[in-house]
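What follows is subunit A paired twice: with subunit B in the first complex and subunit C in the second.
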Partner chain A sequence: MTEENEMSFFDKLEKVDPRLIYILVFLIVSLPLIRPLGLPISMSPMTIAFYDAVEKVMPGDVVIVSIDYSAASSPEQYPQTKAVMHHLATKGAKIIGLGFWADGTPFIDSAFKDVLGKSKDHPKYGTDFVNLGWIPNGEVGMKALGGDVQGTCPKDYYGTSTGTLPMMKEVKTGRDFKMVITLSSGTPGVPEWIRQIQAQYGVTFLYGVTAVSAPGVRIYFPAQAAGGLEGLAGAAEYEVLLIKYGYKGTLAPPMDSQSLSHLLVIIFIVLGNVGYVLKKHGKAK
Partner chain B sequence: MKLSATIRRSLPLVITFIAGLLAIGDYYLKVKVFNDFITQWMKFVNVAAAFAVIIGYVTLTRIHTRRLNQRREGWYNSVALLIGMYAFFLLGVVFSEGKFTAHPAYTYWFNNLYVPLDATIFSMLAFYIASAAYRAFRMRTTEATILLVSAVLVMLGRAPVGPAIWPAFGPITSWIMAVPNSAGMRGITIGIALGVMSMGLRVLLGRERGYLGPGA
Partner chain C sequence: MITPEIVGPLIAAAFTLMVYSFFYRENKAYRFAEHVFIGLAVAHGTVISSKYVWDVALSPLITKGEAFWILPILVGLLFPFFFSKKYFWVYRIPISIVVGTGVGIGMAGLIRSQFIDQIVQTIAPVSPKADIWSSGSHPINALLIAIGTLGTLLFFIFTREQKGLLLYASHIGRWTMMIAFGAAFGFTVMARMSLLIGRMQFLLDPSGIAWYLIPVAIVVLAVVAFAERSKGAKK
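Coming up: the complex of A and B.
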């Protein structure tokens, strides 16, 4: 092989056609969804901390579940939402579903239907869980919610007066929340909840975020946040922990896809660097 | 009634100063009457902010109607936007009597049109991130090499395949996230907080007037 040919080979390693990468990513993501590999799911300390905190919830404790994401991140965060709702319902918590992202609010209704079978038509709607819908104005809305829950949300998502719902009669301010869980993919989200509710009322605070947001909010653990679900991996780990409550998770195949796609990216990074180093070495000679 | 230039310039600054002091005061003063007043005031601000949706509708309608009338490039996108916007408004507010999910078509459209479209756009990032990671992660400097190695370790530790290959990938990833990542992010966050405090003081004292518009 001549030096010229060697150089062109190194160049090729460094400059793979992006279309080839796209095709391989598509295949590697799709195949495990059709035929799962069944790789075992390990546990991260954040998920265990999240699970342990929810385990401490006593029957009758009021827990806010805030849907602070939009449809874009729903494939990553809706599984978190369902698992959280299931765990809380199992513990006998009084769940208040609400949201500060307008286009995320319909997911509260869907999650209640998926986990409990029904939403507003459920016989325990109003006594065990409520859906307060969207609250406008982000962080200011959170501040208002903490000061006066019924004043900020005079009606629930279905148009019923909040004051007439039995479980809401005892929920006046942020002091009445036992726990706040935000499932968030941006602003308003974790820092805003911490500033306006966790810090001011001393509420136990948990979060579920997209994988890309996780490094930014990890700083609040363990002082402000008692635990967190980080991306699809966090949700998959949480599903494993909930098996003992009869929860049937759906995330094993997507995690196989994620595993293979991570491997593919690493392989390409290695190939690119091999090409880069050998080319540099060749030039130095 | 025409306000003098001085009043027009000073009035917003005075309102901002008083509003800022009230908001800060609520955090530090625990006086029931005062705190109750602030709670009412916050609810008023919430209601006022909700009206921004109306302004958004009017502005979007004006901009896209103009694009449509002038047959500018991509005018058909404006048609799609206007149809989608008003269809959701009619289904969610008018036909549902303000109860959003009352009309089955609203939920159907949301779940079967909006969610898949939005999620698809977001998921396309996977392709671009894979391609960008391949091109960007090069061992050009020591710092770039540390970044590359950290990224590879975290990628392996956050997917089941990593611990399946070597169980230590999980704890290594947890350490990277909990120690170097948190230390760096905390530094950045504290720096931002100090900047926000400084900017807040400048706004309260009328030194920063950018929010009033040009020429303020």
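Coming up: the complex of A and C.
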């Protein structure tokens, strides 16, 4: 191939209809979902640390699971939520589901239904798990929750007085939390929980975040956050670790899609850079 | 038989495809889906905010006679003055209370958890036995953290001309930041792909009914594209 031909190829590539790239991305993402490839899933230290921290939970320990994301992040974070709830339920933890994002509140109820079969109609609702729903005002709400749980949440998500729920009689302040897990995609999220609860009460703190947020919160691991799930990959790794508890994950095919789509993006980046360098070189000549 | 289990996924699939129609071009179906989404989010937020105000403040005020709730309720009622040109200044009272409380509570925790604790972790003791892949205490990682942190801090010294040793140090800082931005970009790509994968998983689930709408969407798109092409050819 001559240099002129090479240049014309990259010139054509520069003017390609973006919709062709969209179609390519759709195909690359869809095919492994229809026919999974079974690519291996490697483990990150954050996920292993997350799993190990939950393993240390003893039956009866009070664990807060805070749903701090909206519907927009649910493809990444709802699988994290279900896996976390399943692991905690297996360990016999007393789970308090709540959230600081108004749009995320319905996911607490869905997660209980998906993992435990029922939510407020479950025979163990109120003794083994509760849904306190949404708490407004972000960080100020977290501070209030740590100071007075029942004052901040006088009623649960379904309108029942919190004080009448058996497991909540022992939960007064942040000192009664054994562990806090936030599944967060922004503000309020990880830094706010660390500031108002982890630092104040010395509670074991874990996070599950979207991949976008991961680089920003990794600075808290391992000193302030004992472990973390980062994006869909973190959830998939966690699902693999939970197989021994009979957890049936759904993220192996999506991880194939993830890997292939990344490969495609890398190819585009390499092509773009090679084209740029060749064009610059051609102009210089 | 039409049940919520059938109608729900079909509506969700239809809205997903309406949003993805934006990839072809901006259109009314996309706009409709966008407006419905925003409307639903606002409606949901309004309902659960109202419920919280009722549970926490109004209900104790009415049923138990806890009169002190009148004060925060009155402060809350000042928010709508945002829409008044004449009395906009009244709106500044509740907003100053909210901002002042938020900043005060945030700053108190921030100094310890995001300043002192982070410095303590940055200068944590080195341990040769630490895991090289996960611990900042491993000697190699500790060295990289020390070089990267110092270089980045020196990059932001603007009171001295960057030349000599300071220039080299700031170059290290710039490279450190570039690597960090690259990692952030990679994670962003991963997140965006995850969102697409989540929707495609929903649409292509063979046990669901959402995928019935995919051929419909393709036919609609083909008809629109063909009609537009014919219109263009006539012109």
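Assume the second predicted complex is superposed on the first by the 274 of 285 C-alpha atoms of A that agree within 3 Å, B and C clash if a C-alpha of one lies under 4 Å from a C-alpha of the other, contacts with A are read in each partner's own complex, and residues count from 1 in each chain.
As a convention for this text, a residue touches a chain if its C-beta (ideal position, glycine included) is under 8 Å from a C-beta of that chain, and two chains touch if they have at least 3 such contacts.
The structure displayed is predicted, hence computed values, not measured ones.
By the touch criterion defined above, A:72 reaches both subunit B and subunit C.
By the touch criterion defined above, A:127 reaches neither subunit B nor subunit C. Contacts of A:231 after superposition: both subunit B and subunit C are touched. When the two complexes are overlaid on their common chain A, residue A:276 makes contact with subunit B while staying clear of subunit C.
By the touch criterion defined above, A:139 reaches subunit C but does not reach subunit B. By the touch criterion stated above, A:196 is placed in contact with subunit C alone, subunit B being left untouched. Shared interface residues of subunit A, touching subunit B in one complex and subunit C in the other, are 22, 25-26, 29, 45, 70, 72-75, 103, 105, 133, 135-137, 140, 143, 159, 200, 211, 214-216, 219, 230-231, 233, 258, 261-262, 265.
Every residue of subunit C that touches subunit A in the complex is listed here, in rising order: 23-24, 41, 44-45, 48-49, 52, 55-56, 60, 98, 101-102, 105-106, 109-110, 112-114, 117-118, 120-121, 124, 131, 133-135, 180, 183-184, 187-191, 193-201, 204.
On the side of subunit B, the complex with subunit A involves touching residues 27, 35, 38-40, 42-43, 45-46, 49-50, 53, 97-102, 107, 110-111, 114-115, 117-119, 121-123, 126-127, 129-131, 133-135, 137-140, 148, 151-152, 155-156, 158-164, 167, 170, 173-174, 177-178, 181-182, 185-186, 189.
Residues of subunit A touching subunit B in their complex: 16, 18, 21-22, 25-26, 29, 39-45, 70-75, 103, 105-106, 109-110, 133, 135-137, 140-141, 143-144, 147-148, 151-152, 157-159, 200, 211, 214-216, 218-219, 221, 230-231, 233, 236, 255-256, 258-266, 268-269, 271-273, 276-277.
Only residues 19, 22, 25-26, 29-30, 33-34, 45-46, 49, 70, 72-76, 102-103, 105, 133-140, 143, 154-155, 159, 191-192, 194-196, 198-200, 210-212, 214-216, 219, 222-224, 230-233, 250, 253-254, 257-258, 261-262, 265 of subunit A touch subunit C when the two sit together in their complex.
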